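Which chain is which? They are A, B, C and D, in the order written, and residues in each are numbered from 1.
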Amino acid sequence: MSAAPATRTERMIVAAARELAGKRVCFVGVGLPNIAVNLAQRTVAPELELVYESGVYGARPGRLPLSIGDPTIVTGATAVTSMLELFGYYLQGGRVDVGFLGAAQIDRYGNINTTVIGDYAHPRTRLPGSGGACEIAIDAREVFIVMRQSARSFVERIDFRTSPGNLGGGEAAARLRAEQGWTGHGPSVVVTDLGVWRFGTDGEMVLVSLHPGATLDEVRGATGWAPAIAPDLRPTPEPEPEELRLIREELDPAGLYTR
Amino acid sequence: MSAAPATRTERMIVAAARELAGKRVCFVGVGLPNIAVNLAQRTVAPELELVYESGVYGARPGRLPLSIGDPTIVTGATAVTSMLELFGYYLQGGRVDVGFLGAAQIDRYGNINTTVIGDYAHPRTRLPGSGGACEIAIDAREVFIVMRQSARSFVERIDFRTSPGNLGGGEAAARLRAEQGWTGHGPSVVVTDLGVWRFGTDGEMVLVSLHPGATLDEVRGATGWAPAIAPDLRPTPEPEPEELRLIREELDPAGLYTR
Amino acid sequence: MSGSKVATMRDAIAALVRDGDSVAIEGFTHLISFAAGHEIIRQGRRDLTLIRMTPDLIYDQMVAAGTASGLVFSWLGNPGVGSLHAIRRRTEGDAPTLALEEYSHFGMVGRYTAGAMRLPFFPLRSYFETDLPAANPRIRPIRSPYGDELVYAVPPLNPDVTIVHAQRADAAGNTQIWGLLGCQKEAAFAADRVIVVVEELVDEAVIRADPNRTAIPGVIVDAVVVEPFGAHPSYSQGHYDRDSRFYVEWEAISRDPERLDAWLREWVHDLPDRAAYREKLGPETLARLRPTGSAPSGSVDYGRYG
Amino acid sequence: MSGSKVATMRDAIAALVRDGDSVAIEGFTHLISFAAGHEIIRQGRRDLTLIRMTPDLIYDQMVAAGTASGLVFSWLGNPGVGSLHAIRRRTEGDAPTLALEEYSHFGMVGRYTAGAMRLPFFPLRSYFETDLPAANPRIRPIRSPYGDELVYAVPPLNPDVTIVHAQRADAAGNTQIWGLLGCQKEAAFAADRVIVVVEELVDEAVIRADPNRTAIPGVIVDAVVVEPFGAHPSYSQGHYDRDSRFYVEWEAISRDPERLDAWLREWVHDLPDRAAYREKLGPETLARLRPTGSAPSGSVDYGRYG
C-alpha cells in the first residue's frame, strides 16, 4: 500500500489546493487549476462553490472535464446562466473570492502574458489571448496563479501585458485599483512546480516555501530576475496520502495533467 | 339577432384594430389598446405577435388581462424573458413594428404627457409617468395612439413631455430621429372616440375620418387648437357585426373598457 | 451546500431592514412580496426610500403607513384600474412630503443592471427630447467614443435591501422563478442584503435538476422565508391568480384616508403574521384564485456525464 | 404562427451566407454548429470575417479551407489541449495573412450585447493597465457622467449572419436551449440574418409549454435546419457528449498542413451533407458519445388562467 512519492506537479496541485482553505467562491480555469480546486473541495474547502466562465455556478462535475464548457459541469449545477450574467453579475459584480490564472509569462509583479511571444503584430508565437483572464485579474477579490516555472516563463519583462498584476509596484497598484474601483486586490500567491511565492507590500513576489526535492539554485536558474527569498523560507509540507490518492484515483486517473 | 348600434368607444377600438392590418409585432398597452390588438389578431392581422413590456413575446391570452403582467399572457406564450432583454433586445433592438400609447395630454405634433398636470415639482395631478412609454415612442417603428378626445386632453401645450412625438414639426423631428439613430419614425395615427387622425409632412395631425354620429363642431370643441381637417374627410367605416360580436362576447364581456 | 438561511418573516425583517434603508421589493405585477411589506409596516420602520419600477398597492400601503420618505420608480399607478391615492396625497399640491426620483422602465432596469454589474452608469437610447432629464438631473447625456453619437445614461442603483418573492428555493437560498422574471435578478445582485420569500422550500436536488431555471444563487441571499400565498393580491404563476378584484377595490379604499387606515389596522397591524392573513382571507378567496387547470412545462433532459 | 422556415443546410447557407460576410457561429464549447461550418467550406465561400469568442476547431478548419480573411475573437485555442495550428500559421511571423481583431471574453459579450441592444458602445470594467487597448484601438476609455470614473468601452458587433445550434425549435424558428447558454441570444439578436440548426424540430405547443426556456424567437430567424448530431465534435446537452477524443486528435492533424487537407477532403469536401458525416462517424462513435444516463429537469406548472 505504500504509494509512489509525490511528483513535482502533484506537489504544485496540493499546495494550490491548500491555499483555498476557507474560501467560498472560486473561478476555475481548466487543467491544473481545475484539479486543484476539486481537490480543495474534497479536503480543505468543502464549502467551495465552483464558478466556470462558461456560465456555471455551483458545479458538481461527475468527472474531470477536459474543457471549461464540458457537459459534466452543467448537470447538477446550482445555476447555469448566460455569459453576460456570469461576467457581469458574478465576476464584475464582485461575487468571486478567488480567480485562478495560468500564464505563459509572468514578471516579478505578477503581471501576466497569455497573448503573444514576440511583437504583437508579427508574433513569434501566437498564444490564446485573454479569454476571461483580464477580467478575472481585475475583478476577482484575489488571484492565485498556478504555472510551471522556467527562465522562459518567469521573465524580467513580459512581451505583452494581458492581465494586470501588481503593475510596476505594490503601492502604485493598490492606489490605482482603489481609484479605478477594481474589486480585486490582485495576485496573492503563485504556486509553481518548485515552490510557493507570495507578494510583499512592494508588490514583488517572494519565495516563501520550497518543494522538497527542489533547490534554491534551481529556483534561481528558473527565474529571469534575482528572486526575493523569504528569510524564513520553509519546505512546502508534504502531500498527505489521502491528497495523493484523490489526485491519482479520482481526479486524474489517466494522468492527463499530473504526470 | 339585430345587435345594438356601435358605441363611440367600440368605434374607436374597431378603427384602431383595423390600423394593424399587415403588421407583425405589436407592443401592447393595457386597456383599450389591448382589446384593439386582440381584435386585430382575430380579424385583420392573424399573424400579429403580441409583446408586453412585462417580458412576454407571442402571448396567447386566454382571457382579457386587467394588467399587462397578468398570468394569462404568460401561459402558452412563445417566449418570456427578463425586462432587460425585453426592453434591450426586442424594443431598443428595433424588433417592434407598432407601439400603442395612450395619453393624458397630447399636442398637435403627437407629443405626449403622462407625467403631471401642472408644475412638475408641485403638480395639480400626479399621473403615472413614463413606464415604458418614452422608450416605445423612440424605438417602436411607428406609434399608434388611442385615447378619448376632449379639450383637456387635446391641448395647445402639454404640461410635460413624457414621450416625444413629432417634436416641434415634421422635418425637424425626422432629422433628429435620423441623427440620433432612433429606430422609430414617430406617431402615425391617433384614434379617438370622435375620429381618426394622421400626420402630415409638417408633423401636425390631420383629421382624416369622422366616426358616424360625431360632428366637426364636436371635434373642434374637443381640440385645444384649430385642428387641420383633411380635404377628403370621410366617415369612418362602420364596424362589422363580427367585430362588435368579438368585442362584446369575447374580449370585454363585462364591458369593463368598452362601455 | 452551506447552512440553512430559513427564517421567519419577523426575524428576517428585524435583522435585515433598518430605518433609513433603501428597500426594493421587486416583481413586475408577478411575485410582489406583500407579506414582507406588511411585516415592515408592523415593525414600524421609518424613513425608508422605497424602490420599485411600479410601486403598486404595496407601496401605497407602506407610504400610507408612514414607513417612507422617498420613492424611486418608473410607473406610479394601480395597473388597469386607477391611482395610488395615498402616494398622490403626499406628492400633489404645494407641499409634497414624499421625495420622488423618477425614471422610465428601461431606465430603472438599466439602473439595477448597472448596480448588479458594478458599472458606474448604464447607457440607453431613451429620454431624447423629453422633459425627464430636466425633471431628474441624474439622467445625463453621454457621448459614444465611436462616432460621437449621443445617448443617455442612468446611474447604478444599489438598494440596501432587495426583497423578492419566488416560487421556490432551497434552504441555502438558491431560488427559481418561472413566468414573468421582471428585474428581480438584477435587483438582487445589485443589493447589499437579499431576502427571498417563497411559496415552497425544496430540496437542493430539485434546484440542481434544472440549473437554467435558477434566478438567484444562494451565495447572495441572506434569508429565506417560506410564506405560501405571500404575494397576494399579486400572484405566483402556477400557484394562484392575481386578485384583480382586490386591485379594483383598492381604488375606493385608497381614495379615502380613513378607510385606508382602517384597512391597514384590520389587515396588517391587527394580524400577527401572514398565516393569520391567509386565514382571514378565507378558503373561498383562496379557491377563487386557484388556476383553472395545470399547464406543465414538460421536462427536458440534461443527461448524465460521468 | 407564421409559415415554416425549415430548410436544408445546403439551401440555408446558399441563401443566407455570402462572400465577404461577417459570420458568427456561436456557442461556448456547447452547441457549436460544425455542420454549418462544413457546408460553408463545401460551398466555397471566401473572404469571410469569422466571429467567435473561442474560434475552436471549426474556425481552424474554415481558415485552413480558405474561407476567411479575418477573425474576431477573445480566446484562440483548442481548449484543454493545445493550439489551432492552421490559424497560427496564418498569424505568426513576418507576414500574417489573417487579420485579427482581439478582445477579452467580457469584451466580446459586451460587443454582442451592444449589437443586440442597438447601443453605440458597451461599458465594462476591464482592460485597465493592459496592452489590449494599444493592440486594438477599438477598445476605448470612456468617462462616467457620474463622478468622472474611467471605464472602457467596446463597440457594437452586428454580424451579417449568426448561426446557432440548439436542442430544439419549431418550424417558425422559436428556439429553446438548455445547458450552457453562452452568448447565443445576444449574437442572434445582433445579427442581420439568423440560421438556427437543431437536434429536433418540435411542435409549437412544445415551445409554448415552457416559454421561459425560449432563447431565440422565430421573428428574428431566417432558416431552421434540422441536423441531428450537427454539433459534433462539440455537443448538445442531453443528446450527446463532447467528443474530447477528437479534440485531442486535432492537435496532430492541425499541426500538419497535409494531414489537415486530407482530413478536410475526407470529412468535408468528399461528403455531400451531414447525414453522410453521421454515417461515416459510425454507430460506435455515436454510442460512445451517448450520455451515461438521463438527468430530467422535472416539470413546473405555469397554470391555466381563463
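Just so it is clear, contacts are C-beta pairs under 8 Å (C-beta built on N, C-alpha and C of every residue); 3 or more make two chains touch, one makes a residue touch a chain.
Computed from a predicted structure; not experimentally measured.
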In terms of touching chains, how many steps apart are chain B and chain C, taking the shortest path? 1
Distance between chain centroids, defined by C-alpha means - chain C, chain D (Å): 37
With chain centres taken as the means of their Cα atoms, state the distance from chain A to chain C in Å. 40
Can you compute the centre-to-centre distance for chain A and chain D, using the mean CA position of each chain? Integer Å is fine. 28
Residue numbers of chain B (touch at least two other chains): 56, 70-71, 74-76, 80-81, 88, 92, 181
Multi-chain contacts in chain D, i.e. residues touching at least two other chains, fall at 113, 118-120, 124-125, 149, 179, 181, 185-186, 209, 212, 237, 241, 291, 295, 302-306
Listing every touching pair of chains gives A-C, A-D, B-C, B-D, C-D
Interface with chain D, chain C side, in the complex: residues 118-125, 138, 140-142, 144-147, 149, 151, 153, 155, 167, 176, 178-179, 181, 206, 209-210, 212-213, 237-239, 241, 291-306
Residues of chain C that touch chain B when the two form their complex: 28-30, 53-54, 73-77, 79-81, 87-88, 91-96, 102-106, 109, 113, 124-132, 135, 149-150, 179-183, 185-186, 235, 237, 241-242, 244, 247-248, 291, 295
Note: in the complex, chain B contacts chain C through residues 30-31, 53-56, 65-71, 74-76, 80-84, 87-88, 91-92, 115, 120-135, 138-139, 160-164, 167, 176, 180-182
What residues on chain B touch chain D, complex-wise? 24-25, 47, 49, 56-58, 60-63, 70-72, 74-81, 85, 88-89, 92-95, 181, 183
Chain D residues touching chain B in their complex are 1-2, 113, 116-120, 174, 185-186, 189, 207-209, 211-212, 214, 217-220, 302-306
